[in-house]
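Next, two complexes with chain A in common: one pairs it with chain B, the other with chain C.
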Partner chain A sequence: MSQPRQSPARSIAAHAVLILWTLIALFPVFVTVVNSFKSKQAIFTQPLALPGPDSFDLVGYQTVARQGDFVAYFQNSLVVTCLSLFFVLLFGAMAAFALSEYRFRGNTLMGLYLALGIMIPIRLGTVAILQMMVATGLVNTLTALVLVYTAQGLPLAVFILSEFMRNVSDDLKNAGRIDGLSEYRIFFRLVLPLVRPAMATVAVFTMIPIWNDLWFPLILAPSESTKTITLGSQVFLGQFVSNWNAVLAALSLAILPVLVLYLIFSRQLIRGITAGAVK
Partner chain B sequence: MAKGRPIRWHIAVFLAPAVLVYSAIMILPLFSTLNLSLFTRTEGGTAFVGLDNFRTLFGDPRWSAAFWNALGNNLWFFAVHMLVQNPIGILLAALLSSPRLRFSAFYRTAIFIPTILSFVVVGFIWKLILSPLWGIAPDLLDMVGLKSLFAPWLGKEEYALTTLALISVWQFVGIPMMLIYAALLSIPDDIIEAAEMDGITGWSQFRRIKLPLILPAIGIISILTFVGNFNAFDLIYVSQGALAGPNFATDILGTFLYRTFFGFQLQLGDPHMGATIATAMFAIILVGVCIYLFLIQTRLRRYQF
Partner chain C sequence: MGQLTLSGVTKSFGPVEVIKGVDLEVADGEFCVFVGPSGCGKSTLLRMIAGLEDVSGGTVTLDGREITNLPPARREIAMVFQSYALYPHLTVRDNMGLALKQAGHAKAEIRAATDRAATMLSLDALLDRRPAELSGGQRQRVAIGRAIVRRPKLFLFDEPLSNLDAALRVQTRIEIAKLHRDLGATMVYVTHDQVEAMTLADKIVVLRAGKVEQTGAPMQLYNDPANTFVAGFIGSPQMNFLDSGALGLSSHSAGIRPEQVRLTDGPSQIRGTVSHVERLGGETLVYVHTEGHGLLTARLFGEHDRAVGSDLGITFDPARLFHFDKAGQRLR
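Entry: the complex of A and B
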């Protein structure tokens, strides 16, 4: 196959544009992390310099460690994200299996009903969700957040997973049936392991908005003991707005775990987005 | 279900958890929010007022000024995304998909990084960078000799909203880039080769061969941007506060909804007016989605390879 010729000038121009945007994308993150390790004076006099021996200072991190309850916030976020993710994947995969495997009356309608939530944001129901949580006494509990995020994540999960489950070979499932496996065993033992890559993709897509969400923690669980890391750092940043060391350190602490996770899973994420194209 | 066949309980078991959670937490509240907008609070209870709340929202000067302001701002917010984010996304995707480009995995990974950060982080980082106190933005402009252009953009009524929209573009440009990139990769090689046989290369190849083929992807991106923008809240709240300053110049429907139903400072929360605003947002998003589904998507020709 003949590859199209790329003239050197064209390729240099392409690289120039891509490098420019990469710099624009990374610069703010870079500036924040670099300055979080510097003394207050150095932050202002040489904001673009790397921390040197005389400007290196961890005072910001010390303030964060003393003042903010970041470990607890982090735990809350972790609990909420992991539990929601578990329920989205389990319930989503079960529903996707029912929709893709069985013919029954109302199948298409059910699929459409569940897909509604992809386009209509759950936030529009917030007023009633809050009233419901107040009525059931779930305000200021992590349960409220887990419930909301599970509902929020399900539509896309069902949609993506049922697309993938249609591709699981029928012969395999029928062989299982002949061997006397129950429908539940076929789902858990045969189908789930086969759609693991799709599950990973759904997991990444579900996880990021949950971890980063500010709206529902702010409205449903603003108490000190249930703050998530996103809400916790928002409040912390508001209080310490004039303490630049502390703000930069808190921002860096909020960036780093997500960044590390992203760099580990980026292959998965990008493969997920381009799934239709790259076979 | 056909008569005589046993009821297949396992289907119900598989569907039940998802349908229950989804219906109870998402669909039911959505409809009861729509319902709430038809009532108002009276002493000791609520009273049905029909569409009065909407009359108040659109007609009463105390409410309508804020509503139309938020809606106008939201439209501008969306326009900036469509005019800046999506073209940049398409450009980056087109460059990334050019054959034998080196380091393309690196570029892809790096350009997507802002998208995974939370609004809290993004809002604050840009607040610091654009702050006249710190001086990173003026210093950078000084390097290219444009220091005179610097202004405290987030604090000026005429620039604040556009600045925030551009920050949001910076954060989310990775999404159109990835989706278009995927669409470009799915164009079969023989089509491109045929075009090259005919001497169509470079820009004209992109415009005349590839662009028509990725139009469906551009449609999807537009509707995703639309829904996302009319539902936005976090970035404005984090960087400008619930009052969406300066002087409500950055107030969009999300922040207006939050202030109204949750209350803010001296203003008491009003669930019924909040529900009314949510209903209006619901209608706007529904209209947008319908336009996309019935007018745009059906006209875009899909090519099966």
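Entry: the complex of A and C
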């Protein structure tokens, strides 16, 4: 790709804005990670300083390792996030395929109905959800969280994926039909690989709110065996005294898995975001 | 084998009727071309034969077997698409063999069939490539190969040359014609390009607004058009339409092919001014603006010098005129 020549001033200005934005976005992460390696006193006296020889302290990580079952919390978070992600992508893509591919009565209305969830926060229904979970005996299970997060992620997934699927060539799907492929094979083998960038976009936007959520774990699954990492970190936050070393250490650790998942999807994500813009 | 019959075929999208009752007979081994302006329903009709669109009314029969409601894969047809529609994740060989694999044929048999088709289309060297590594012309050959491998009773082509550049289009057109001779298969071909229709077809079906305007051999349509639409659509440059009243004729309008028009400086039926000249080497097209008949085209063979803006006369043999009534129907 060739780029048109830009004046240096404009280029510098653009980069300055981008760098400023990057700094603002990274600042909380930076403060969290840096302070997680410092002693409590150093955190409060010089919150922005890098850990030096006298302020370096692993007490936060030691506390996290000693107290609570953080490996299990991690595991719970991973299980919930991955399973929800899987169901959101699978069902979202299937619904999107039906909406974009088949002509049926009420197609547009169905699409609007499914997209409505983007505008209505699922937390408004917390009480009803809790009642349902109590009635079905799913309180304090990871299943409850997976179900809620799947419902929460589906509207955006259906909305984004159906737009992308409309762009998949009709001829290709028809060629598959003439060659005797079933609708399932057409969906899984022809269409899904072509909307992979969109799937990655949806995956990232779905994954991060789920991983970071405190609300539903607190309400639906607060038991020790089902605690997620964000909920687990809360044990260090007291009403009167907070163990900031431990909180920061736990949060720093919590960044890692989601960062790994993000890196897996990011190459595809960038292609997905730029698909409509560049080309 | 491969005799296609459409009887009273209609198609509606909601209240809009896009195919208004088509009756058609395509004989075994015939090359039939659907031609018409965009939006005339020719592609829809083809997709109905393929089974990709439901038929709202009427029946489709292939070799005496009614296939109106069969799924596409069970109709014993193959289709070549405008956008090639190759499977991006499969190699050329797998692309061509997929239909046979789906139908449960043995591996050795599939290999033999793909090899045969590849040789026919000189694709041997490309068999292990993926579609992304091929040029446009090569992709279209693979798409044609994919159709051949299935040994269908009927080949369907949906504007297969539209995405190719001009030189490649001529070359592929010749290849398709050759393929038709070699295979002796029945083919139905959709195009909006009347040159493709004229050069390839045994039988041309001219469609307008979901209705068949005329069916016949290319020269039959050219020399004996049934109405002004067919007369204007077939032939390039387009037929000239003259105002019969101004010429003292009894019909509503009269048509004359550009190659039948002669330019003269002597006495003539119509006077006009040269408005534009196109020199193509082998032939020269002279556009003449006339009072009462609008812009007329004269097609002269060889090179001619006519200055733009010069006055001249137009003559023609009255026996070569096509006469039409007010509704555009031919008066014979």
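The rule is short, and it goes like this: the second predicted complex is superposed on the first by the 202 of 279 C-alpha atoms of A that agree within 3 Å, B and C clash if a C-alpha of one lies under 4 Å from a C-alpha of the other, contacts with A are read in each partner's own complex, and residues count from 1 in each chain.
By definition in this document, a contact is a pair of C-beta atoms (placed from the backbone, for glycine too) under 8 Å apart; a residue touches a chain by one contact, two chains touch by 3 or more.
These figures come from a predicted structure and were not determined experimentally.
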Next item on the list: Could you tell me if A:98 is touching chain B, chain C, both of them or neither one (first, second, both, neither)?
Entry: first
Notebook entry, point to check: Does the superposition put A:181 against chain B (first), chain C (second), both, or neither?
Noted result: second
Check: Given the touch rule stated above, what does A:190 touch, chain B (first), chain C (second), both, or neither?
Finding: second
Checklist line | Superposition-derived comparison: chain B or chain C, residues of chain A touched | finding: B
Next item on the list: Based on the superposed arrangement, let me know which partner A:141 touches: chain B (first), chain C (second), both, or neither?
Entry: neither
Next item on the list: Using the touch definition from the top, say if A:31 reaches chain B (first), chain C (second), both or neither.
Entry: first
Margin query: After the superposition on A, what does A:172 contact: first (chain B), second (chain C), both or neither?
Written below: second
Note to self: Output the chain A positions appearing in both contact lists, the one against chain B and the one against chain C.
What the structure shows: none
Check: Which of the residues in chain A come into contact with chain C in the complex?
Finding: 169, 171-172, 174-181, 189-190, 193-194
Check: Any idea which chain A residues touch chain B in the complex?
Finding: 1-4, 6, 10-11, 14-15, 17-19, 21-22, 24-26, 28-29, 31-32, 43-44, 47-48, 87, 90-92, 94-95, 97-99, 102, 104-105, 110, 114, 116-117, 119-132, 147-148, 150-152, 154-155, 158, 182-184, 187, 208, 211-215, 218-219, 230, 233-234, 237, 244, 247-248, 251, 254-255, 258-259, 262-263, 266, 269-270, 273-278
Notebook entry, point to check: Which positions of chain B touch chain A when the two form their complex?
Noted result: 1, 8, 10-11, 13-15, 17-19, 21-22, 24-30, 32-33, 36, 88, 91-92, 95-96, 98-103, 106-114, 116-121, 124-126, 128-129, 134-136, 139, 170, 173-174, 178-179, 181-183, 185-186, 189, 192-193, 196, 201-202, 223, 227, 231, 233-234, 237-238, 254, 257-258, 261-262, 271, 274-275, 278, 281-282, 285-286, 289
Next item on the list: State the interface residues of chain C toward chain A in the complex, per the touch definition above.
Entry: 47, 50-52, 71-74, 77-79, 81-89, 98-99, 102-103, 146, 158
